[in-house]
């Protein structure tokens, strides 16, 4: 049952690794709502993931793209324009990786070479995407670009380590570029700050299980699921939200505006 | 052309004064998206306005309600439950009035009796609405309540006077009650902070025209229209946004996250 | 040992109930830093408290004032001007009371008559104070007014009930009036959002002990003490902070920008 | 006339280029308040600037440090410990530079190699400083670290270009590291967001004069001066603010919480 919210729209989805990915679920939701999709991911992630299954399911081409490469980005958007016969209407940036966390480096001892890579992959990549699209005029008027982020950009969650800083940078880039792209072509750019979600990427974070339980207890509606996140993203890609831009939008069951819950207080008293 | 976003849903709309009202436009959009609507407004506003035309157009009953009266609120929600044969799925609170502004009292010289009335009408009324619904169990599971607000709750716009404080109180009530209603019945409560809009109510604010031009110049996408606001509210009433709660959501073309624009700087240099 | 931060300055302190009060400690710190103080409190609180001891200690007159009375406020500021032979340099507003909490009414069932009183005592009183001072020209150029608040104005702490809404209103009033008083006379107005503190007033809040432990675990520096709060307020009254205005300033050991701590996660895993 | 706020304290000041620099003024204020200072700057900036005059005036050693070099940072802090015979009590990070702005690259066309350098100099340098100090135990208990930032990290000021993103990253690093350093040694870390100031660095920004006038008109108290900023920083280094951490503190005459002023509206109507 579709509401045709994205009927006739064309979009690019970054970061669909496997069926747990928010990007994967978003691709399916967008397809159900009438959109044509082009999928992309890092060459290495594509080998690990099962993106081909998704591509088949929603009849989408796949174009590999290393988001740290200017050439790859140019090639991706050029191919997208060829494939769709023109610009796209929406893009999901669901990309992030922390080299220091992978290497087990604590936040107070990060390696700055790794950190530079982390920022480039997780944040600067959004600038590269937008700047390339801006140059190629690859996003249609009133298009919508979303990037996934996390509340660690506002408040400290120690296990999130350098990714918190990367997300703060990402959100700033969305805001800054959102200004320029609004003026140029009425394109809007926002970030969505989602509840912790049991994706394959998320699971890599140390102490993730304990944390997801805490977030559940601290969210009056409970943690938002990946499926619900996909639905929310659909509304933000649709023409129902044309004047929403340069924002960070929480999709988290109330977590971000809750100071404490009865449930957490009870746990503290044990 | 409808997307059936609210198919089968039932809702109450406060504050449709005339066809310029955001509440009016929202009632029409909700109707187009498949919802059954019940309209309400203050008895005095109903006499001034043209709500009957709207009621006819969307085939909605009208129940008068003075939002400062516990009895009226109880009566309204009781009648709504009877009319719909059960609870409602969404409610729009679009209610606000400043007695001190009407009487021409500057912010530094407000009358506290008037101020108490302003807060009661514009903010406490949301608590009264939610508390009455909570007691009557008048909102269905995963229901959505929205109240309209303005960015003067975060930053000072001097001509907005005591309404800024009323809106800050309103947003706090939305957040506070949102917590409790999420726990009880998964009902979500949010406020939407809309661009200045040329409604009959808005036009009463001193210096409104100069201000609306400033806001236009300070919004990278331009001021959001009432029609677009109605569409955005539809998404927030729909099942596509079930985990969004306890938030203040800007619908303003980027105004709130813009510090200055080229267009304003140029005007400053004249 | 004094730093003479307030040498030659004159100030009014509201709300010194007993020696646990932040206002009490602030009066002492201001006195130590060279200020002349005038104390005030509600007539009823004065009977319960031990304000005479404080007055003797710091050689300060006491003027009773019901903050909900325009006449009392006028009388207080008139007497202050007489006493000091001119305007004051700083004022601390440390006033708050929730009638619904006293009566054991849960947030979802508050009585609106009580609520109106709560807002009047806890928030509108700041407007009344500032408006009266504005009219009487009772605050000297570059004067500083502070009101104590709590983070429940930003995020929900369910046991804080209607006081959260009162504090949101208070913070808005500080911001709104801060604009006008800056233009008139370069007076600055801020709120300070302090860690939960074991004052006689604070202890009245249900579940306060459990909560204070939680806040301790969630604050990387631990909860800020009342003594340290007094010191912080001294800096904000001094000439070292002349351009800080219209803000809400956290004094909380890092609580407000911490999403979770290792210590809380460990407790959650028990 | 000194208040001895920093009597007996030892501190490091980065970024004193010439007498217009906030860092320069801060060094003088700290010295007046009783602190012993060690000055540092980039080797290249030292050649351009007049830091020797300052060093003589306040009797401070100078240690050059390229903030992008791990070795330089280690050497600086090692020398500081030797010089002071132990750890320091406070540090001012006043460092920032945008290569893309220097090269005249607009925000939508930045070079990513330059951008990486900009982030490293302007933001990651704070992490490097804190991590090195953490490892060397170079900051005493209850020490205070401040970094200068700008409101472009929260709202878009188009001419501020990539520096906005760098400042967002800087503020996130302050918050993230502030958590860890509070736990380790009760060290606090904050950023101060200052009014636009006519420093030699600030003057490099395109359209700076027009912007500074706009900020003046938008600040109810007017733009904060560099001298007043220095005083504010002194309070944040002192023992009067021990529980303030992980925050971004505005020192801007009310700019950040002002939506519009009468003065700007009048200019808009011309």
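The first chain written gets the first letter, and so on, giving A, B, C and D; residue counts start at 1 in each chain.
Criterion: contacts are C-beta pairs under 8 Å (C-beta built on N, C-alpha and C of every residue); 3 or more make two chains touch, one makes a residue touch a chain.
The shown structure was predicted, so the numbers you read here are calculated from the model rather than taken from an experiment.
*Asks:* Just to be sure I understand: going only through chains that touch, what's the smallest number of steps from chain B to chain D?
*Replies:* 1
*Asks:* Spelling it out: a chain qualifies if it touches chain C and also touches chain D; which chains qualify?
*Replies:* Shared contacts of chain C and chain D: A, B.
*Asks:* Counting only C-alpha atoms to place each centre, which chain is farthest from chain D?
*Replies:* Between chain D and the rest, the longest centre separation is with B.
*Asks:* Once you count every C-beta pair in contact for both, which comes out on top, A-D or A-C?
*Replies:* A-D
*Asks:* Roughly how many whole angstrom separate the Cα centroids of chain A and chain D?
*Replies:* So the centroids are 32 Å from each other.
*Asks:* Distance between chain A and chain C based on Cα centroids, please, to the nearest Å.
*Replies:* 42
*Asks:* Counting only residues that touch at least two other chains, what does the list for chain D look like?
*Replies:* As it turns out, chain D has residues touching two or more other chains at 155-156, 158, 175, 178-179, 220, 246, 256-258, 261-262.
*Asks:* Which word fits how the chains touch one another: line, ring, star, complete or other?
*Replies:* complete
*Asks:* Which of the residues in chain D end up touching chain A in this complex?
*Replies:* For chain D paired with chain A, touching residues are 70, 107-110, 112, 115-116, 119-120, 124, 127-128, 130-131, 134-135, 153, 155-156, 158, 161-162, 164-165, 167-169, 171-173, 175-180, 246.
*Asks:* Using the touch definition up top, name the residues of chain D that touch chain C in the complex.
*Replies:* Those in contact with chain C are residues 3-5, 175, 178-179, 182-183, 186, 188, 195, 220-221, 224-225, 228-229, 231-232, 234-235, 238-247, 249-254, 256-258, 261-262.
*Asks:* If you look only at chain A, which of its residues touch chain C in the complex?
*Replies:* Counting only chain A, the residues touching chain C are 151-152, 154-158, 207, 210-211, 213-214, 217, 220, 256-262, 264-265, 267-270.
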